[in-house]
Amino acid sequence: MRSVAETPLSRNGRSILIAMDHGLERGPSVFESLPERADPSTVFDVATHDAVTGLAVQKGVAETYYPSYEDDVTLVAKLNGKTGMVMGDRYSPPIWTVENAAALGAAAIGYTVYTGSNREADMFKEFSRARDAAREADLPVVLWSYPRGQGVNDHDAPDTVAYAARVGLELGADMAKIKHPGTREAVEWAVHVAGELPVLMSGGASVSEEAFLRDVHTFMRAGGRGLTVGRNIWQRENPTATLDKLEQLVYEDAALDDVI
Amino acid sequence: MRSVAETPLSRNGRSILIAMDHGLERGPSVFESLPERADPSTVFDVATHDAVTGLAVQKGVAETYYPSYEDDVTLVAKLNGKTGMVMGDRYSPPIWTVENAAALGAAAIGYTVYTGSNREADMFKEFSRARDAAREADLPVVLWSYPRGQGVNDHDAPDTVAYAARVGLELGADMAKIKHPGTREAVEWAVHVAGELPVLMSGGASVSEEAFLRDVHTFMRAGGRGLTVGRNIWQRENPTATLDKLEQLVYEDAALDDVI
Amino acid sequence: MRSVAETPLSRNGRSILIAMDHGLERGPSVFESLPERADPSTVFDVATHDAVTGLAVQKGVAETYYPSYEDDVTLVAKLNGKTGMVMGDRYSPPIWTVENAAALGAAAIGYTVYTGSNREADMFKEFSRARDAAREADLPVVLWSYPRGQGVNDHDAPDTVAYAARVGLELGADMAKIKHPGTREAVEWAVHVAGELPVLMSGGASVSEEAFLRDVHTFMRAGGRGLTVGRNIWQRENPTATLDKLEQLVYEDAALDDVI
Amino acid sequence: MRSVAETPLSRNGRSILIAMDHGLERGPSVFESLPERADPSTVFDVATHDAVTGLAVQKGVAETYYPSYEDDVTLVAKLNGKTGMVMGDRYSPPIWTVENAAALGAAAIGYTVYTGSNREADMFKEFSRARDAAREADLPVVLWSYPRGQGVNDHDAPDTVAYAARVGLELGADMAKIKHPGTREAVEWAVHVAGELPVLMSGGASVSEEAFLRDVHTFMRAGGRGLTVGRNIWQRENPTATLDKLEQLVYEDAALDDVI
Amino acid sequence: MRSVAETPLSRNGRSILIAMDHGLERGPSVFESLPERADPSTVFDVATHDAVTGLAVQKGVAETYYPSYEDDVTLVAKLNGKTGMVMGDRYSPPIWTVENAAALGAAAIGYTVYTGSNREADMFKEFSRARDAAREADLPVVLWSYPRGQGVNDHDAPDTVAYAARVGLELGADMAKIKHPGTREAVEWAVHVAGELPVLMSGGASVSEEAFLRDVHTFMRAGGRGLTVGRNIWQRENPTATLDKLEQLVYEDAALDDVI
């Protein structure tokens, strides 16, 4: 594991990453409630907030919009992806090479692995190659560690989420993004079995700001190192206000009542 | 994304591409109504029209006929393809390398991806490799963005077409060819979610010239940047006449009534 | 397309190729009626006839027998093949590399593609690589263009055969071998949609010499450029006599009555 | 076969390897009974015991924890792995390259092959490549030889275990880890058919210390060269005490009664 | 084809090869009747008999035992293999590279192809690559030509065996090992359709010595060039005695009655 504490991905060992690969993964219907956010520039703007330590986007979005933000945004190159249309065994193919991501100025790579899928083995091989290339390019590796598929009954059950965290450690990621498993105890167990690997909370579908901040608070108190968030930021009218609150919870250990 | 505005594919930021890979994709029955058009020379001749900014053909047709037209026609190398005979999951394999296309004098590459097919992942990988090779060769990339297969109920529904447009942006194409989703609003949404990516209308099966021009007009008014057209040109007795009208609609923002 | 008119494969733009890969493709039962013909030397001897512009054999047969005939026979390296025992989706894997074929002295390569098979895509990719290697080695490419498999109801129907001819043009072959589709009109259509690509008649199973010559005559009058023939030559007691007649029909435009 | 007798993996021709890849292979539930052992450091500490000749861990665990133990622990790089979530045909993909393992300081590689699985062939190929790379890097190869899958009814039956041992010899491993087949006679047969290949007992699920030591004693008396053990060490409160006893059984040929 | 007549594999154009890859292919139960023969040294000892022109073993056995016999035994590197546990379509993957086999001192390579299996195409490709590498390394190639699988009803029927022999010629082997098809006439036909390719009898399961020698005698009188034998040698108490008799039948054209 590379320590991410001294990379731009981290601020005092904590991270808030914004993800915006949903245009590919879920399709533009995610932008229907706030059409302006379909324009990646608006999310790059959001990502200039001081609380944000990285923005994860796909190849084409990065290539098109990142050059205008290279002084203000830390780029996480999301290397693999799929559409939400595709059926069959869960599998996310590599679309972007580490070499190209590094040439564009990426500060880290992001990669999804669907553990438990019938194509787990293919993703283990391809993730491993990407990870090794990232080592060569001196880029840290963030694993989207997502149990899914035939072998997975309940992908946010505590045991499943703890397994996901441990997979990040075993495969050699430098950070892992996992689902919130529901309770503080469940997060603590996931954090514990991840060993030295920093664990980030996956933001998931939009919920009320209060419910979201409550989840983040629990996650951080249980030893989490931050979060990766998409829809719960850019599907809000005022993402900056939410980021201000996240900043307090994640970096300043604020009490929940002081923030809500 | 590379700006195509300053490449031969574009005239003032708009494009009319002619496609003629139907001999492979659909078979020579497409030539039965006008047998002379089976001869690619006749379509290369059509493509010398000033309105036409590129002609997309397969490897063998390009190699055989393009050398006689290299001063008058802009070649788009259609890199992958399949026959209409083949069954099973939709998949279009690479037939032509970017290196060979560049050596022949191609000004751009074209590539079909069937998003939503059970082989989407294979096409994402292969498209990505072709795209990266095109960057090396300094050729812009036109994506035939076609949702098809098990995961796609209605391939020209507005949501599906908007998704297809967004996929072009996310995967890093320089232009995307999408179906006309029916209404101006639907085109506007697709254009919007494509961000900076120029979107071209796919010509589709032959319809009356008036119906066709009406579709083109709607598409352009909704923010489209032009079209890729095959049968609606070379299945007509007088393709030049139709191109004259397209020229007015696409490049000169002519009113529909002035053209029909 | 490379012009084959000035290569040894062609005599005044016409060709008679003998094929003898049936030992692999159909098994030695093809030799039961004339056991001596199991010995490839006997067919190499036949191929020294002036009418013959090439002999297509598999790797092992070429390597073993061609060196004794290199001054008298033009070698077509049949690069891929399968046995007649194998079931499942039609697919013919590459067995021989273009580099090795060229080193042995081959003047051209031959390659079978089963269009319409569920493995069409694999064959398109592998054929394309072989074709490009043949360009590097300056060898013309003869496509055995055979629609077969789940997507093909009737492999010698006129539409299917015309499609096969067109596939040869689109994929970038230099000659294509197709089935005789039955009528002169059907051959003319196949020849027409093949554009500049020379089309050869596939000999097929043994029939009476008269029936065979009648087919060849129709094929040539309809614009065919010759034939590839196996069993209708080397399953005959006196192949030389048949070749004398073919020579008249193919190269000298003889009337059928003058030959039969 | 390379002799492992003079490598750090062996002490007088015998070995006690500790394995701790269960976080990946079975998930963190294996740590529930003794949560502190989820921390790999605690197992690295255990592995500093004089009786231990190697510690086998996955890529990420090795990279993160081994550097602090490089003077005190002999690292066995477990190159392939899978989760316990995945269903379908048994298959363990390569995750780690031999080159990277050697660069980190590994003294040997470990590799699982599920003989009898429908993906046996893939594992034979990948194991063979890893083995050859290990030869290049001068690292001995330990095979986890595990018959599993459609073709295997009873994976610890004497015939099956003997087959597993022989596979190690035939494939060119330097040591093989096999299940205890139950009786001394069965172990003797497995040891016999392995020829010169040293055979290690697989520790398996936790049992009482007495039952475990009894198995080890039988295995050693039957010609075994040691064991690879995970849960029967690090799932115990006092692994050192158990290792003291194993040391006597494995290296000093102690009588069972003197140890229990 | 390379002539094997002047290689160590041949003595006056005839060969007796011993095969001992059964530990992998069938498992150690083949050694139960004579347990000492599980030790490869005992079979290497047998292979020092003057009648034996080669010993075919797998990678690990060769690497471990051949160095002690390199002056007395001619090594045939059996490059591919599978266990008898595996189910599904017949397929034997490459385990050993030609380069490594040559470096160890192999005088030839051996390779199994299951013609008619649903994976025939994979084996054709992999055999072809191995064959070409063997040409580079100047090693002759012995094909274990075994029709098996969905497309094969009766793998030792005369037609099937003749087909197997012809496949060896077509694919470019230098010798082929085929089943005894039962009668002298059937062997003669197989030998005939193999052309210049030398054909060896496959020894098969143990039978009485007389029955075995009778088969060998028929095979040689019908034009066979020798045999490859495993169990009918090393499952006998006195393999040397049987080899003495084989020597007379294979190299000295002895009458059967003089030998039995």
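Order as written gives the chain letters A, B, C, D and E; numbering starts at 1 within each chain.
In the analysis below, a residue touches a chain if its C-beta (ideal position, glycine included) is under 8 Å from a C-beta of that chain, and two chains touch if they have at least 3 such contacts.
None of these values were measured; they are calculated from a predicted model.
In terms of the stated touch criterion, the partners common to chain A and chain C are B, listed by label.
Where chain C touches chain E, under half of the residue numbers in use are shared by the two copies, so each contributes mostly different positions. Once the centre of each chain is set as its mean CA position, chain B and chain D turn out to be 57 Å apart. In this assembly, the C-alpha centroid of chain B lies 35 Å from the C-alpha centroid of chain C.
Annotation for chain E: no residues touch two or more other chains. Taken as a graph of touching chains, this assembly is arranged as a ring, one closed cycle with exactly two partners per chain.
The cyclic arrangement of chains, taken from chain C and going next to chain E, is C, E, D, A, B. Residues 1, 115-118, 120-122, 124-125, 128, 132, 147, 150-152, 159-160, 162-163, 165-173, 189, 192-193, 195-197 of chain E are the ones touching chain C in the complex. Those residues of chain C lying in contact with chain E across their complex are 21, 23-24, 27-29, 31, 35, 38-40, 58-61, 63-65, 81-83, 85-88, 91-97, 100.
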